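Right, one structure below, let's go through it.
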Amino acid sequence: MARRFGVVAAHGKPEAVELADRIQRWLAAHQCQIANEEALPVVWPELDAIIAIGGDGLIMRVAHHYPDVPILGINVGRVGFLALAEREGWERALHDLVHDRYHVQEGPTLAVQLERGRSVLVDAWAINDVVVRAGYQLIEVELYIDGQFVNTYPGDGMIVATPQGSTAYCMAAGGPVLTAGVHGFAVTPICPHSPIRIALVVPEQATIEQVYVSDREARLIIDGEPVASLERGDLVRVRRGKQAFRLVVLPGTNFYEAFRSKFNFQIRPEAQPSRRTRNADTPSGAR
Amino acid sequence: MARRFGVVAAHGKPEAVELADRIQRWLAAHQCQIANEEALPVVWPELDAIIAIGGDGLIMRVAHHYPDVPILGINVGRVGFLALAEREGWERALHDLVHDRYHVQEGPTLAVQLERGRSVLVDAWAINDVVVRAGYQLIEVELYIDGQFVNTYPGDGMIVATPQGSTAYCMAAGGPVLTAGVHGFAVTPICPHSPIRIALVVPEQATIEQVYVSDREARLIIDGEPVASLERGDLVRVRRGKQAFRLVVLPGTNFYEAFRSKFNFQIRPEAQPSRRTRNADTPSGAR
Amino acid sequence: MARRFGVVAAHGKPEAVELADRIQRWLAAHQCQIANEEALPVVWPELDAIIAIGGDGLIMRVAHHYPDVPILGINVGRVGFLALAEREGWERALHDLVHDRYHVQEGPTLAVQLERGRSVLVDAWAINDVVVRAGYQLIEVELYIDGQFVNTYPGDGMIVATPQGSTAYCMAAGGPVLTAGVHGFAVTPICPHSPIRIALVVPEQATIEQVYVSDREARLIIDGEPVASLERGDLVRVRRGKQAFRLVVLPGTNFYEAFRSKFNFQIRPEAQPSRRTRNADTPSGAR
Amino acid sequence: MARRFGVVAAHGKPEAVELADRIQRWLAAHQCQIANEEALPVVWPELDAIIAIGGDGLIMRVAHHYPDVPILGINVGRVGFLALAEREGWERALHDLVHDRYHVQEGPTLAVQLERGRSVLVDAWAINDVVVRAGYQLIEVELYIDGQFVNTYPGDGMIVATPQGSTAYCMAAGGPVLTAGVHGFAVTPICPHSPIRIALVVPEQATIEQVYVSDREARLIIDGEPVASLERGDLVRVRRGKQAFRLVVLPGTNFYEAFRSKFNFQIRPEAQPSRRTRNADTPSGAR
């Protein structure tokens, strides 16, 4: 049976657009059906996967528009954590894809609601993170987990991150990196004005609520996009979302190697592992 | 049908022994069957729960001897995280227990093997954590997750912690706190001699391996007990254990409140939460 | 010879204004000359000290207007680190002041210049900190110390703090607390998007330069006040300022006790020190 | 007038011994007087400098034996922070040395006394750090600065570090890096069993006291060498030492570049500084 793939290129990146062309021709020559960007809104539920040529930003936009469809990211951006295939390896990647040599790594999403009094001002979902974030001055947020009060945090705000989002703002704020397959979310305060600084990891079933208790400028940021200004008393509720975030993971993909090279996470660059290592075709987090 | 409980008191703590007496009399007066410490090795698989009167150390010893049996800890120690009931509230706690007003919180354990060449020197399991730890001088360990090389860490060693163990040495080393129900383990370097310091959280299915690559004195420590000296080339492999660690959680138990009070985790002690909070009879982590 | 003091109250705080009245009467009754807020711009260089009744914000404003004059802060704010005397103890504090029972703790200031091409857009000085700070999206700054390149930091920006400012945003960002008398400034990245997170402490003589290399919204913030929007290529240069920040420190003032209580920096609140401690009339940092 | 230099090579490193030979011949050919290791105990106060060929360990040993003499370290070890010249550049380094093209960077030392009751068990001094350190189990230490109680720290102990020692255990424990010329010492808890984790920097004039209040095994470690076992009630007092630690700093030496390369402290290895940088012949910390 014919495979069917969507192809999307980052706008404004000529090399992405050009590569999309070549990929479409390659797929056609390999008996695959292709849906380009115009066709996607109609056909996406029937696709095997969407090939996204760009950086992590593109992948997140595609995932927001076409949830639950596996995405193969081909990185033409700078630091791509979700775009697992590098540009030079596109042909090898497509070979694996059309011959079913991949697995789909499924990550949870975050459902987020912003409530003001009895109104729900925002009802959305996130792939990476939901952030309550100060403008240029210190704010205060109260944190509740499953209805239990944790603390009032003065500082720059608070981040709730999925595993796939944990290498982004969460890590930057000093929080942990959750690798794929951890059934939990990281809750990390941003620059808390306190010597008390611990990050929490809570189960996927948890309800994470923040109450904004300052009058200063602050925003609710979803996957890096500011979506609303916050007012005193606003409640931001985060739970696991209904959608799934699905990534196509090809043979040879190695999260730790990517992490090591992309973040220069090499304590001693010259150190050679004493044991032979293998690539992770079926890592522990795969399902 | 009659309930059946084990009762164990911390040795060398007269107030624990005295309280054990009163608890046994109370249980007898409430039509419960009792197994004291001598009877436990025979009857433990048939018990509803074991009541452990002491601190976290006692609970860990009991859990190691009688795995899978739910344990109700009554704290007569200093800082008890596993001993959820406080001493003064013992009668209320027993009432809840005999009337089935509790749930059992189940945490994973860690299976640990120490391999030297072709020999398995240690084959054990842990409730809280498995630690490779330097003596008084810097050591080096290589970390592998699912066979993938992560880094060579010069420093004081490395901690693999369960959620219930994450508030112990893991947090002390700057790692995250994993709350009950997170299906993951925290991997935290101890004082890594590097500006690179990130902690990782990996899925429960992961295989976490450390290779010891120094000649200096170091030990393998399981749940706080040094169990073996390490030699260059030793491999410490950690995976999820077969056993479960089961805690009796009574109504009104509140992890965050306990964390706040026991670790003085109160950023602004005078801050009052703006919302009414509830006790966590069925927290997200319960099963 | 008659002492001469300025008296300033925080605007909009009736209790501060009322206390200022009582303090002026008390000083007059004790043969002191008084300069109220209107007189200050003229007479300030001749004053023994200015008594500032309010919080840390007021003290910083007073210090900016009347540099080099010793300030005695009487705290009617919430968390006062510079306002060393508590409100209830005002009379005792004034007694000590008029009887010369105090020393003057002198802290360095930061001279800051913002250069765009050949123009100097900002030429100012700070008591606590100079911050390059992102709006709601990640920015990049290059850091140079004494003309040497340190790193390019992607993240939320960078903080240069004096010792007196180190308990503010610097500590919140994970930087160290520099106690009074340390001849150095702390340079702390804000949420650096990297597993590399170290804070630096550089000598007072150092030249600390940041080059802003992003196009996104960011601001230069001096002592908590946003003073300019930043553009790509802007250079922010920080050196020790000519002004001094002088605080009146009374007998019995105890920085660590203040730190312990105001930030709830008490690891074990119930722990009692085993040795008798003394108050710090002449701490190591005094000059 | 003839220069006079000591030459010391790391024992057990043939390449260091061989290089020492060549250096002695080179110096002789350039009209310098030479003191070899046997002559040093007699002549050291009259030397211009000691050339130490080895790693940081050798430099520390030399500095302990011959305090106050400037040391030029030529690195044949792995990671040398004090050994500023690299092995390949030895001839260039000697040229600069004999033509007076260097400055002497002077760092403070730490005087340390261990008191048990009325006895002084240890009276020594340190170049890098003084550490109270747990064996394999948690200990408690009380910290006092200038006689003021700071906190009781449960954990693995506490580090007091000089600027030159701050890149060693201090940084590993999460403390700050103090660059040369900061007149302060870093006080950093090791894995404190608390969510409260802040590091302090105190002035050089401070008196830093730790009281050991556990019964478990712990040691006093000076510059990496365990010197005494600790008992409950022991007092470890640290102040600035009388000796100075003097390093020969050659033109072109760049602390930040060394830090970047030796610790792989490169957030984005590919990032190029936008401004031309200069080498630090006379950094701010030089005297």
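Letters A, B, C and D mark the chains as written, and numbering starts fresh at 1 in each.
Just so it is clear, a contact is a pair of C-beta atoms (placed from the backbone, for glycine too) under 8 Å apart; a residue touches a chain by one contact, two chains touch by 3 or more.
Going by UniProt, the chains are A, B, C, D = NAD kinase.
Just so you know, these numbers come straight off a predicted model, no measurement behind them.
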| item | value |
| --- | --- |
| Chain whose mean Cα position lies farthest from chain D | A |
| Pair sharing more residue contacts (C-beta pairs) when A-D is set against C-D | C-D |
| Intercentroid distance (Cα basis), chain D paired with chain A, Å | 44 |
| Whole-Å gap between the CA centroids of chain B and chain D | 39 |
| Approximate Å spacing (C-alpha centroids) for the pair chain C, chain D | 32 |
| Touching two or more other chains - residue numbers and ranges from chain A | 171, 192, 194-198, 264-268 |
| Residue ranges of chain B in contact with chain C within the complex | 195-198, 264, 266-269 |
| Partner chain D, residues of chain B touching it in the complex | 133, 135-138, 155-156, 168-169, 171-174, 190-197, 219, 221, 224, 226, 263-265 |
| Complex interface listing, chain C residues touching chain D | 142, 144-154, 166, 171, 175-184, 186, 192, 194, 196, 198-203, 205-207, 209, 211, 213, 233, 254-257, 260, 265-268, 271, 273-275, 277-280, 283-285 |
